[in-house]
Amino acid sequence: MAPLSDDTTIKDGPSTDAPAALPGDGLREGIIDNLRSHIGEAIVDTKITPNDDLWIRVSTEAWLTAGQALKNAGFTYFCFLSGLDWMPSPYGTGEEDPDDEPKEPDTEIVQGYTGGETRFQVFARLTDLNRHVGVTIKADVPDDRLVMESWSHLFAGANWHERECHEMYGIGFDNHPDLRNMYLPGDFEGYPLRKDFPLLARMVKPWPGIVDVEPMPAEDEAESPVDDKGDES
Amino acid sequence: MLAQLAAEFPDFWPEWSIPYWLMSILRVVGGLVAVLLPAGGIVYLFLFKMMSFMQSRLGPMEAGPYGSMQLLAEVGKWMQKEDLAPENADLRIYRMAPLIVLVSTFLLIVVVPFGPQAWFTNFETGIFYALAVGSVSVLGILIAGWSSANKYSLLGGLRAGGQLIAYELPMVLATLGVVIQAESMNLNRIIEVQNTGEIFGIGWFGNPFIITQFVGFLIFMIAVQAELTQAPFDMPIAESELVSGYMTEYSGFRFLIFFIAEFATAGVFSFIAAALFLGGWGVPFEWFGWDNLGDVAWWMNFVGPVIMFTKMFALVGVIMWVRFSYPRFREDQLQTFAWKVLIPLALANTAVTAILKVVL
Amino acid sequence: MTLTDRQQLSYIASQAADARLNVELETEGMTLNIGPQHPATHGTLRIICRLDGEQVVWAEPVAGYMHRGYEKLTEVRTFPQVTTLVNRIDWLGSFANEVPFILAAEKLMEIEAPPRAQVIRTILFELSRIANVSLFLGDLGVQMGAITPVFLAFRDREYILNLIEGATGGRFHPNFDRIGGLKDDLPKGWIEETRGAVKKLEQFCDTIDDLLFGNEIFQSRMRGIGIIPADIATDYGLSGANARASGIDWDLRRDQDIPLSYDLADWKVWTHPDGDSWARCWIRLQETRESCKIVTQLLDQIPAGPVMTKVPRIIKVPEGEAWVSTENPLGEMGYYVVSKGGLGPFRVKIRSASFNNISIVPWALKGVYVPDVITILASLYFILGDIDR
Amino acid sequence: MPKVPGLIKGLGVTAGILGKTLKNGADTVQYPHEKEAPPIRARGVIALHEENCTACMLCSRSCPDWCIYIEGHKQLAPARRAGGKPRQVNHLDRFDIDYALCMYCGICVEVCPFDALFWSPEYEYSEPKIADLLHDKAKLGEWMETVPEAPELEAGAGK
């Protein structure tokens, strides 16, 4: 068998100094219109940051068809797929002074770009390698049934990303061939990337940043722990 | 005084007989030296130093001057290690396997002549014997691979079996040319022929078969490279795929035996190659006016081994040089190479030699 | 897409392997665990292979032995603290990991680093690519039993690491990039030193070309093995040199508008039509040469000025979402940063190249022999920290 | 010129390096006998200038790994000017860095407002036991001697 290309040193790789025609916002609007013509009202919301990026949120049911439509429209390159948990963390960063008044934890769920109604969302990114444009596509995951259509038959690479998402967020994927854990042991309980999953490393040890400067004996403690020694002049 | 002794020495040489027991001890000691000295020398010279220099580093420098005692230190380390064996291993033969490999090396050295009288045995069919016992190590390797109860070892053992058998054939065929030219299978006779022979009437340089049998020499050395499982033919060991293949489960002393056997065999095969193709222990007899083996001066028994060792180290140097420079073949590529290239080539070489022998 | 003969053969072999699994077997297959402790897995990847003889009929990588949960850890860290984490994702080209994250944060804050910082960023980015890929080139030999190249690679990578350490203070984990610029300017004499080191690396590329790529044994091991057609590559999200080796002309340094100074240099994006192991390795060799070229050119074009814009002492990133990806040594590495206006990110999705690159392994290993498993894995080039994060 | 087979070329490369090593010596350094000097900026170990520390906890709070432990107490120091009132200062009782946890990111050195923490290129402080890597302020103070001056900057560096 002869080698596919005989010359081991191909000398004519394409050469460019400047980026090839970069996508404008007109192109991004065209993408939305094109997608709307395929999946119609399933597009819930869109957002374009000028000369930068494009977000599209589709309805839960249209997750698979939207992916298919985008793939047909030239978005053949699968970048990633993952989940989002919009609930604010009840634990904070673990860097609170225990002597302080405990703050009321924020429980209001506020979704990011293109909004949403549910606590969990899945989002994925696809790229059109010819037009050099990418799109982030989002969908709500119903709170009562955390299951989405799987993209793994659409984009083979989604297989692993969905497994990861399932293990980290507990979001199931219908028609996924093999939804085992990737990282964690099979009998692991809980979904680590959910905001209500505590990060043990920050729980088991007291924060060393707690002010540990003993006050002067028999002196009032109103003074700030930080001394003004620094501004010596 | 010394000069006088030296002058008188040849006269009583034929009568100077050694008792049988002393001869036996001499032979055992000689055999150990002829196996272990090359092994140690090769490991230090090539594995520690040449490889390091080729990679722009110095190699071991701490144990002894320039790290020359490093091998002894390593031996000490290996001796101390626990003699581990996998739970499911077939213990008796698992423990036997390294010894079989080492024994085959000792069996090989038996026929290598180091001087006109300095041999262990002088078989009439020396080269036949050498090729025959050279394959014994395959048994050891297969046993090691099978008895380790490890899939990597098994794959390595099977690869080794297939490879060593495939390369036995070109090796035999390559020596055939030499045997035809020398009209003998006795290694000492082959050396004598090389050192008394002449090429197109020029006898000044003798007739080392590397010149007339160059193709045979190449095939022989390639086959040796494969027999020794050195890169580019090291797939039975293949540390990056099979994690050292049949040696995976061996540790401590038993690994040491494998290790010594590997390099000792490299030395012994190079001894044989030197005897077959490079004129062995001899210098062209014409230089000193000798006619045949019987004429050779007594001191060749002491100079001969030095010449042999020099040639051996040169050949091993080439083997190691190749080893440190090349990536390895795939198993099927290796078999293809043996059966489709080397064997036809060796057959053609034999045929041409035979025809020329008859014609000339 | 038209398939070449070789690609068809590869398909046929994998199909045959599939068929063999489905029929009643007279012989029993063997399951071989390659890893998690195995010299060819660059760490702790485990590949379960079902073998028929030495032919792989089914293979699956098992990742996760090194999962460090960085996406969770980012939730309890401030933006400057996250940089130290992402350093450790692809630990061979660590500066390159910082850049997309910092760029994403800068995008949310709507600031841009000063031009001097951008050029220095680009230089360090390319230097970490050289450091990363040169080790790949050396390691490639080890996977095939040639032990000399890896020592040469370690030797010459040292020049680059010394440079990175000289400028940033960290050999492997520079933590030099800051939101709004760089931590510090370059020390005196660094530019001259870099010129010398880059020349050495160019020589290293030539040495490797002679020692390894020119070797007929190496070529026979790599040519036509592990062919990945372009459509499969995009399906799995292969990026970087792996995608370009399949003929996909896609390089994020060139094909996106990003505040790095690649447009100041004249360089090439190499592609190869074959998509086999050889192509992937060869592309990386060429890329190292291109990187050397980029660095040499940019060294002359460092503008004068500050390396840091004005940013508040305590950085609070405004609410929003941003996605920035760059062409890292291993492929496309991106960060999807969600900020809620706090000191730290609300969520960071780390899209690492190796995760996608290695997910193709079950497809690519079907029907190949055990020795080819090693070469295909080596040519796909993954780093465990980049898979597991 | 006919193409040299790669196999021969490869042998030539290794032989070339062998010759170069024999002639010029190896590129390696025989470590305990000779040492390479790390660059000035090298992040080897964090040294503490104890007099400058006010136990303000900034470093400890900004440490991503929580590996700095500080304790202190307030005490009276003699007045700065003659006749002034004695000042109240924070006295440092404990300043430990756990180098087993430290990621060598340097954030603590950067945030220190009083110039009490410095990077030293010193690197030979390995310990047989992980617990021994928790170094106290005395040990951290010793490293102050090895802290080099900051390097000059490359031309064109602006403020």
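Order of writing sets the chain letters: A, B, C and D. Residues in each chain are counted from 1.
Rule of thumb we're sticking to: a contact is a pair of C-beta atoms (placed from the backbone, for glycine too) under 8 Å apart; a residue touches a chain by one contact, two chains touch by 3 or more.
The model shown is predicted, which means the values in this text are computed figures rather than measured ones.
Student: Where the contacts of subunit B and subunit C overlap, which chains show up?
Tutor: D
Student: Specify the chain with the shortest distance from its C-alpha centroid to the centroid of every protein C-alpha atom present.
Tutor: C
Student: Tell me, please, which chain's centre (mean of its C-alpha atoms) is farthest from the centre of subunit C?
Tutor: Chain centre farthest from subunit C's centre: B.
Student: Count the C-beta pairs in contact for B-D and for A-C, then report the pair with the higher count.
Tutor: Greater number of contacting C-beta pairs: A-C.
Student: Give, as an integer number of Å, the spacing between the C-alpha centres of subunit D and subunit B.
Tutor: Comparing mean C-alpha positions, subunit D is 54 Å from subunit B.
Student: Can you work out the whole-Å distance between the CA centroids of subunit A and subunit C?
Tutor: About 21 Å separates the centre of subunit A from that of subunit C.
Student: In whole angstrom, how far does the Cα centroid of subunit C sit from the Cα centroid of subunit D?
Tutor: Roughly 29 Å separates the two chain centres.
Student: When the C-alpha atoms of subunit A and subunit D are each averaged to a single point, how far apart are the two points in Å?
Tutor: Centre-to-centre distance between subunit A and subunit D: 36 Å.
Student: Two or more other chains touching the same residue: where does that happen in subunit D?
Tutor: Within subunit D, residues 7, 10, 13-14, 17, 27-28 contact more than one other chain.
Student: Quick one: which residues in subunit B touch 2 or more of the other chains?
Tutor: 54-57, 324-326
Student: If a residue has to touch 2 or more other chains to count, which residues of subunit A qualify?
Tutor: Residues 95.
Student: If we use the touch criterion from the header, which chain pairs count as touching?
Tutor: Contact pairs between chains: A-C, A-D, B-C, B-D, C-D.
Student: Hey, which residues of subunit A end up touching subunit C in the complex?
Tutor: For this pair, the touching residues of subunit A are 1, 3-5, 8, 10, 13-20, 22, 51-53, 55, 76-80, 82, 84-85, 88-89, 92-95, 110, 112-113, 123, 125, 129, 132, 134, 136, 155-157, 159-161, 168, 181-184, 192-193, 195, 197, 199, 202.
Student: Residues of subunit D touching subunit A in their complex?
Tutor: Residue positions touching the partner: 54-57, 60-61, 63, 66-76, 80, 87-90, 113-114.
Student: Please give the residue numbers of subunit A that touch subunit D in the complex, ascending.
Tutor: My answer: residues 95, 205, 207-209, 211-216, 219, 223, 225-227, 229-230, 232.
Student: Using the touch definition up top, name the residues of subunit D that touch subunit B in the complex.
Tutor: It is residues 7, 10-11, 13-15, 17-18, 20-22, 26-28, 30 of subunit D that touch subunit B.
Student: Name, in rising order, each residue of subunit B that touches subunit C in their complex.
Tutor: 51, 54-57, 151-152, 155, 231-232, 234-235, 238-243, 324-333
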